[in-house]
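Chain nomenclature is as follows: A, B and C, assigned in order of appearance, with residue numbering initiated at 1 for each chain independently.
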Amino acid sequence: MAKGTQGGFWQRLMAIDRRVIFLAVGIAVSAPFFLPISPKIHITPEVESLYNALKELPAGSKVLFPFDYDPPSAPELQPMAVAAITYCLENDLKMVIMGLWPQGPQQANLALASVIEGEVGDVITYNGKTFKYGIDWVNLGFQEGREFVIQRMGSSFAAAFPRDYRGTPVDELDLMRGVTNFNNVDFVFSLSSGYPGTIEWVQLAGDRFHARIGAGNTAVQAPMVYPYYRAGQLTGILGGMKGAAEFEVLVGVKGGFGTRAMLSQTFSHAIIIFFIIVGNIAFFVGGRPSRLKGTEEV
Amino acid sequence: MKREIPLIITGVVGIVFIVQFFIPHEPFSSLSDIFSDWFSIIEACAIWLGALNLIKLSLDKLGKPMLLVTSAIVVVALIVGIVGAPDEFLAGRFPLILFAVAFLLMALGQYSRSKMKPDWFFALTTIASFVIMLIAGLAFSGGRTFQEPGTHYDYLYRSVYTPLSSTMFAMLAFFVASASYRAFRARNREAAMLLVAAFFVMAGRVPLAEFLGTLTPDAFSGAWATTGGFLSGAADWVMNFPNAAGQRAIMIGIALGIVSTSLRIILGIERSHIGGE
Amino acid sequence: MNIRLPAIIVLIISAVLFALSWNSYGLAVTLGAFFTLGIFSFLYKDNPFYKFCESVFVGVSAGYWFVQLYYQNLLAKLIDTLGTASFGWIWIAYLLAGIFGFMMLMRLAPKIGWISRWPLAVIVGATAGLWFITYLQSNAMRQLENTIMPIQVFTGGVLDWYQTIGNIVVAFGTVTGVVYFFFSKEHKGAFGGAAKIGIWFLMITFGASFGYTVMSRMSLLIGRVDFLFSDWLRLVQ
């Protein structure tokens, strides 16, 4: 084929309407929903580490769940929340739910609703066992103030959250009578998609008030918290939807969204890799410098 | 006094928060608790300010006649909300009355300046959506139990807010793909390193090789499993070691920058937050 | 190309689907699908449906926050405390908080907007004070502490090559990365060489971040597609 024609073909390919790319992405994400394939999920050490930290908690331990995310991050974090709540209900761990994001406590109710039988109310049922609000779990709601709320919780949870999400004074809740500050909480399971989130929990609850913290993060935030995991400031990390899928496998959640969506995730990564490869082939074949150079020469 | 008092406040509050780390006893513990509560309440008012400013800017686009009509309809809607609000005065009627007063003051203030703009309809939609959410939450959702599953507020959260916010961010997937195709080039050594790292992370964090193994004959499944294990291990290594190193370097750099900037702010050397005259 | 006829066909099909889903699955799911497709329509071209959905989003978000902040912060913390606490230093402190909050709102009035500098000063001072220590402790000292550690790792009495090499990479990468950010000295000679290696580590970091960002963005799209296929069209379980 003549060089001019080759360059023309690649240049035409590069100038393709972006809506064609959008269509390709749409098909790549949608098609796997109709494929009955469940690829094997490889478990990473950081997810296993978090799961092992939870396994060390005896029955009756209190787990603080900061729900610091909003609906856009729900595809990644909601499966983690569902798996974590499932684990707590199965192993009699008490849940103290709160949020530094206003949508968090509502997302917590949605996660709880997808685990239990029936609706969220004063009494919920899971696997034949009943759990009572105020004794087995509480939802303290949201407080604006970002890391200053964590700072305040360090001296008094009740002062930071005077009422729960229903407006009930916190000192009327049995579960909160034994909880003054972080010394009375056995584990903090931070579900976070940005600021305020895991980093603030590590800085204050972890390093200042010595709470044990595990983190479930969106994939955008996950790379940033690896240094905290390496330094021992976090017991483990669930990163993105893959982390959610791994955690679902470890907890034993059947048909969880994270696991179901892995095939779509696979196809979408494959198509991005394909686009990058094609784009670079076009770049090098289309008459651009083909030798790799250092920055000082460009 | 317009600039000196804020500088003194900044310094005092900042110093209290630093000292309470070293002396977590009275009076610094009480002072830091009080200032933390101040922070929460002032932040809440700051976000209210943003919401009210949004309404103010939307009113500006309506033009005089439409502004009058809109104000009348909003006030009627608020009156309906006030009448239907829960019995506890502070848990419904009080904030609605506050907002009604603020709205009328803003409408009065904007009336002389308001000129109809081409996107007036969308500004009107913004105001209408805001008022509907406000009335649903403050008047017709049971007061303090406003976010219980089943309330009107929760309904609007699930059927309107959630799909809108989720889809806004979901669109980014398409733009990431388009940008990857058009702009992500291995122009030099550094860009090539970035690309290679991205490849290993993207390929290793999904069961790509395992999926390809299901498409090929069983004889190759072992090879695909090994490939999958290698890619996954490579991604693990990249995330835990070089990525952690780079992130750590960035964190340390930012931390030192924050320390110096915080000191400048507390000592009053940095005054940009005070603004002009 | 005249897109009027295809656009009309798409609108008719959508309207029929929405009517069917409202009848079968209720208004909530139909509204969700309407807003989802309205926002996605931007991918074809900017259009009035998208602008309508965008303006609804802005208004509903502002209203959502307004209500949340009133009930959870201002009512539960400020108003209830002023109403129940006895007169004393705590009561006065919360009254001052309320006054500062009101001063913040005065920013809406151009002539007296300057008064909002006082509550802003509280925000800025508090943030500066808290971040001074937390970032120094958690992001600098703890990270440095974990970098300066024994390189050799032994597991069960045997040298763990994986962790050992990894620790060397982390230590070396952190030091060279920090060297890169030191701009007070020209990047020449050995110093420049270290800075260049630092750039390589940073490029790997950015590549990893890009890979994870792709994962995240695709996850958001998968969530919306799942809603359309599972909750709205009921094509999959």
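The working rule: a contact is a pair of C-beta atoms (placed from the backbone, for glycine too) under 8 Å apart; a residue touches a chain by one contact, two chains touch by 3 or more.
Note that this is a predicted model, so its numbers are computed, not measured.
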{"item": "A-B compared against B-C, more contacting pairs", "value": "B-C"}
{"item": "From subunit C, the most remote chain by mean C-alpha position", "value": "A"}
{"item": "Core chain by centroid distance, with centroids computed from Cα atoms only", "value": "C"}
{"item": "Computed distance of Cα centres, subunit C from subunit A, in Å", "value": "13"}
{"item": "Length of the line joining the C-alpha centres of subunit A and subunit B, rounded to whole Å", "value": "17"}
{"item": "Averaged-CA centre spacing for the pair subunit C and subunit B, given as whole angstrom", "value": "6"}
{"item": "Subunit A, residues touching no fewer than two other chains", "value": "22, 25-26, 29, 72, 74-75, 141, 143-145, 148, 151, 163, 165, 167, 208, 223-224, 227, 230, 239-240, 242, 265, 268-269, 272, 295"}
{"item": "Residue numbers of subunit B (touch at least two other chains)", "value": "21, 36-37, 39-40, 43-44, 47, 91, 144, 147, 157-158, 161-162, 165-166, 168-170, 173-174, 176, 180, 190, 195, 198-199, 202, 205-206, 239-240, 243-244, 247-248, 251"}
{"item": "Touching two or more other chains - residue numbers and ranges from subunit C", "value": "43, 64-65, 68-69, 71, 73, 77, 126, 130, 135, 139, 143, 170, 199, 205, 208-209, 212-215, 218, 220-221, 223"}
{"item": "Touching residues on subunit C, where the partner in the complex is subunit A", "value": "43-44, 64-65, 68-69, 71-73, 76-77, 80-81, 126, 130, 134-135, 137-139, 142-143, 145-146, 170, 199, 205, 208-209, 212-216, 218-223, 225-226, 229, 235-236"}
{"item": "Subunit B partner contacts - residues on subunit A that touch it in the complex", "value": "14, 18, 21-22, 24-26, 29, 37, 39-42, 44-46, 70-72, 74-75, 103, 105-106, 109-110, 113, 119-120, 141, 143-146, 148-149, 151-152, 155-156, 159, 163, 165-167, 208, 223-224, 226-227, 230, 239-240, 242, 262-263, 265-266, 268-273, 275-276, 278-280, 283, 292-295, 297-298"}
{"item": "Interfacial residue positions of subunit C with respect to subunit B in the complex", "value": "27-29, 31-33, 35-36, 39-40, 42-43, 51-71, 73-75, 77-79, 83, 90, 93-94, 96-98, 100-102, 104-105, 107-109, 114, 116-126, 128-133, 135-136, 139-140, 143-144, 147, 166, 169-174, 176-178, 180-181, 198-215, 217-218, 220-221, 223-224, 227"}
{"item": "Contacting residues of subunit A [partner subunit C, same complex]", "value": "19, 22, 25-26, 29-30, 33-34, 72-76, 102, 141-145, 147-148, 151, 162-163, 165, 167, 200, 202-204, 206-208, 218-220, 222-224, 227-228, 230-233, 239-242, 257, 261, 264-265, 268-269, 272, 295"}
{"item": "Contact set on subunit B toward subunit A in their complex", "value": "21, 29, 32-33, 36-37, 39-40, 43-44, 47, 91, 143-145, 147-150, 154, 157-158, 161-162, 165-166, 168-170, 173-174, 176-178, 180-182, 184-190, 192, 195, 198-199, 202-203, 205-208, 210-211, 214, 228-229, 232, 236, 239-240, 243-244, 247-248, 251"}
